[in-house]
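My questions will all concern the structure given below.
Per-chain residue numbering starts at 1, and chain names A, B and C are given in the order in which the chains are listed.
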Amino acid sequence: MTMRFGLSLTLENIAMHIGATLHGDPELRVHNIATLEQARPGSLSFLSHKKYRRHLSSTQATAVILSPEFIPLCPVAALAHPIPYLAYAKVTSLLYPVPNITAGIHSSAVIDPTAHIDATAWVGPLSVIGARVKIAAAVFIGPNCIIDADCDIGNNSRLIARVTLCQHTSIGCRVTIHPGAVIGADGFGFAKDGDQWLRITQIGRTRIGNDVEIGANTTIDRGSLDDTVIADGVILDNLIQIGHNVHVGENTAIVACTGISGSTKIGRNCLLGGNVGIAGHLDIGDGVCLAAGSRVTRSLQGPGSYGGVLPVDVEPLWRRNVARLRHLDDLARRVRQLERLIHNESKSGQAEENNDDATPDI
Amino acid sequence: MTMRFGLSLTLENIAMHIGATLHGDPELRVHNIATLEQARPGSLSFLSHKKYRRHLSSTQATAVILSPEFIPLCPVAALAHPIPYLAYAKVTSLLYPVPNITAGIHSSAVIDPTAHIDATAWVGPLSVIGARVKIAAAVFIGPNCIIDADCDIGNNSRLIARVTLCQHTSIGCRVTIHPGAVIGADGFGFAKDGDQWLRITQIGRTRIGNDVEIGANTTIDRGSLDDTVIADGVILDNLIQIGHNVHVGENTAIVACTGISGSTKIGRNCLLGGNVGIAGHLDIGDGVCLAAGSRVTRSLQGPGSYGGVLPVDVEPLWRRNVARLRHLDDLARRVRQLERLIHNESKSGQAEENNDDATPDI
Amino acid sequence: MTMRFGLSLTLENIAMHIGATLHGDPELRVHNIATLEQARPGSLSFLSHKKYRRHLSSTQATAVILSPEFIPLCPVAALAHPIPYLAYAKVTSLLYPVPNITAGIHSSAVIDPTAHIDATAWVGPLSVIGARVKIAAAVFIGPNCIIDADCDIGNNSRLIARVTLCQHTSIGCRVTIHPGAVIGADGFGFAKDGDQWLRITQIGRTRIGNDVEIGANTTIDRGSLDDTVIADGVILDNLIQIGHNVHVGENTAIVACTGISGSTKIGRNCLLGGNVGIAGHLDIGDGVCLAAGSRVTRSLQGPGSYGGVLPVDVEPLWRRNVARLRHLDDLARRVRQLERLIHNESKSGQAEENNDDATPDI
């Protein structure tokens, strides 16, 4: 654990920024964020889950963000906010702001003469900018990125490093893309020609909306005829595969290692757990939550929660079936026993009858 | 949806190229491909699935590729072909041809003096070509590729961008490799030395056949002693992991997010759905189809279809078992009920016997 | 299959190095390693699994590493070792040593003036070294790597090629990282702000211990507040996702395509099969083995074996349940039959009673 120091800010400043009510000295300063346990004087901490409440009384933090009802229990300055986790999120970018970008183009970058790069943008070392590319104001292109021909990137977007945008990809504003992501590669489109596979030239594009986040080594294929679309506010974790022609709706969040097959439509405000697999040509409604590891082979209505490892089902039923699975061996034995019992009973029933037949002789 | 324009071609020219029978004016020209719904005058469209048939009568396309039986229903020029989807695949590369490559080596590429690069090949900006590498005629090496020492690449292959070939990798002719793919990295080979892992130097190579396609961020490890082999005509989607010593047979197709463990042999003409996991040292026969999400822990005979999330089984049996899973909770309740019933019956049976015993007294 | 030649070494030299007892001419030389079947004169082979024993009598190898009890069966020189597989691992690095690195910085690399690179280290072509980076003795940085600001790399570590270390990442000594790996990218941390996702600035670092191996295209996120930690001796395969704040204990091995969600702690000496998915905030004990494909949604005590596709369970129970699954359809039919039988019996029982009632009348 290394403690990283951010800006030094007064509690008054912070309270104003995050919309919290301050209980304590407004002139106190903090310069880093830490958990209740690891906070030291100068740290700002937060209490967002009751299971950490036991650490509140002994925290060494200078101030704590918490829900109003915990103010009486807080031994130090308190910043009261109805949703402490959201307040914490807001304060992280206040104390640790993204550095302002230096405008310019690194001398080692390779820029096509037909590209248009805004004077306020930055293109990092060893990046390659192709023909007719348009890069808007305040865009940050980190080292080793490839922006192939006919791409455009909206203002204030940040390609951290080693991002690949294939031809015709369009990126909105305020988008963050992490290293190794490949956006707009050819979709997996082939026709059978006898035993062989004939490649179908992929003509559609990939269009990424505004305020989207794309994780490391995630791949999003270009459309075959229509476009692949990631709508505004979508957040994608690492190592996700999005097939061609997929449409992901506004503010949907997708956790790592998930794969979405071609032409499937995911609604808005969905939440897909990690390692979800969704077959192609399906329609997943708005507000669908999928448990981690879910395998989806049919369209799902939203809103609603579905799971899981087995073919998805509505959640309470799925959970019960999964619970039963842990006792399947026991269940099978019990059925065997019932069969024996019934088999024997009918046998012993016959035996008794014989006995009964015999008894009169005694 | 953005409509990308390709070449402008006459229907006569297209019919000849794709082997279709033209019903309409041979001089008509089209310059893009679109779905029946989105086609406009100048568009070529196609009908390959009956569910889109309802869009045929109202299409604004200039011409439609379709099966001969639909000619009477086609309101515009028709290109009749027995397999419209294959004809569509052929026409995509006709209207949107891969641009001819410019021969040469970009000034920013770093080339080892012992490498041999054919005069008709292209090496893009910021690519690195190692010692003794051999690059054949008309090969396209996009920006930011790494071709490490002792690799060879057959003619007309295309490394789109940011492809990594580790040492001793061999690539056939007409191979396409998408960005982020890593071919020939060390396999995961270690021996336990007490509590610690001792690395086994990987001596085998990776050999990729002709006409292979390798998706974005896919990884194919080099062999430990023998080679890892991807045979001719194999198509691999994105984010696939192929372990060391694996052999994938001709024309097999593997969908995204699939992992194949070391030393497993996959036959020819197999079709592996997305997110399949196959254990090591198995033998999967020719013509095996695996449902998406299948977990394979034993060798499988081909041809045949197998699934799925549970340990794989032949398909009809597997499908029935999975269907039962959705009713497992119900099944368990019914067994409980049977047990109670039988328990009570035998109890009440005894009671009746006692009664019977008793009755004589009356 | 191509036979790669290594150094030419005497059996005496090899026996000494790997701690084997030599039975044969100490002056004999070998120059490559091959399986018993593919070995030729000049090859060293090994017998580590009894299923290959049948190839021993006919091998053309010059010498074979084997367990002492097989010496009488060995037709050629023998190197007896109690654990032949470990001896084989040792001999691979003896015959095929990692080449000594050339010290220096390639002229095409882009180095921040504040970086400190040891004079014995190598920085390859087109690599980017950021501000305040510290690179220790004998470190090898292959082509096209990105070492962002404030990273440090311990001595003798090797970044094969195209490795990305994001800001503040710390790498131990003797670590090997394969192409495409992304270490220290932002974790997937967001707070809901109404319908939208607000990014939480990730302040923690990623710390990689000594003697760690990280596979191609694997991603390890930086911590949110605390650090993400990979302890000494851990080996990670390709395409693995490690979420923020995860802690992986000493000498744990993780096979490809596995995903570990944020804040989960994996113990020491664990073995995670391929395609394992582990939920967040769990505690997996020391010495836990997880079958490939396991889905883990609760903390697990170690040591112990758990599996698998279904929610994990202790192994023997899990294996039995999974075996039952293959017969679930049959089980359901049997229950139906029991129900019918009992239903009919009670009906026919009543009928018989009626008969009984009737018989007296006869």
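Criterion: a residue touches a chain if its C-beta (ideal position, glycine included) is under 8 Å from a C-beta of that chain, and two chains touch if they have at least 3 such contacts.
A quick note: this is a predicted structure, and the numbers were derived from the prediction, not measured.
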{"item": "Turn needed to bring subunit A onto subunit B - CA fit, degrees, nearest 5", "value": "120"}
{"item": "Same-residue or different-residue interface between subunit A and subunit C, half as cut-off", "value": "different"}
{"item": "Separation of mean Cα positions, subunit C and subunit A [Å, integer]", "value": "25"}
{"item": "Subunit C, residues touching no fewer than two other chains", "value": "108, 126, 144, 162, 180, 217, 239, 257, 309-310, 325, 327-328, 331, 335, 338, 342"}
{"item": "For the subunit A and subunit B complex, residues of the former touching the latter", "value": "108, 110, 126, 128, 144, 146, 148, 162, 164, 166, 168, 180, 182, 185-186, 188-193, 195-201, 203-205, 217, 219, 221, 225-227, 239, 241, 243, 257, 259, 261, 277, 279, 295, 297, 309-311, 313, 317, 320-321, 323-325, 327-328, 331, 334-335, 338, 341-342, 345"}
{"item": "Complex interface listing, subunit C residues touching subunit B", "value": "1-2, 4, 6, 32-35, 38, 83, 85-86, 88-90, 92-93, 95-96, 98, 106, 108, 124-126, 142-144, 160-162, 176, 178-180, 211, 213, 215-217, 233, 235, 237-239, 250-251, 253, 255-257, 269, 274-275, 292-293, 308-310, 322, 325-329, 331-332, 335, 338-339, 342, 346"}
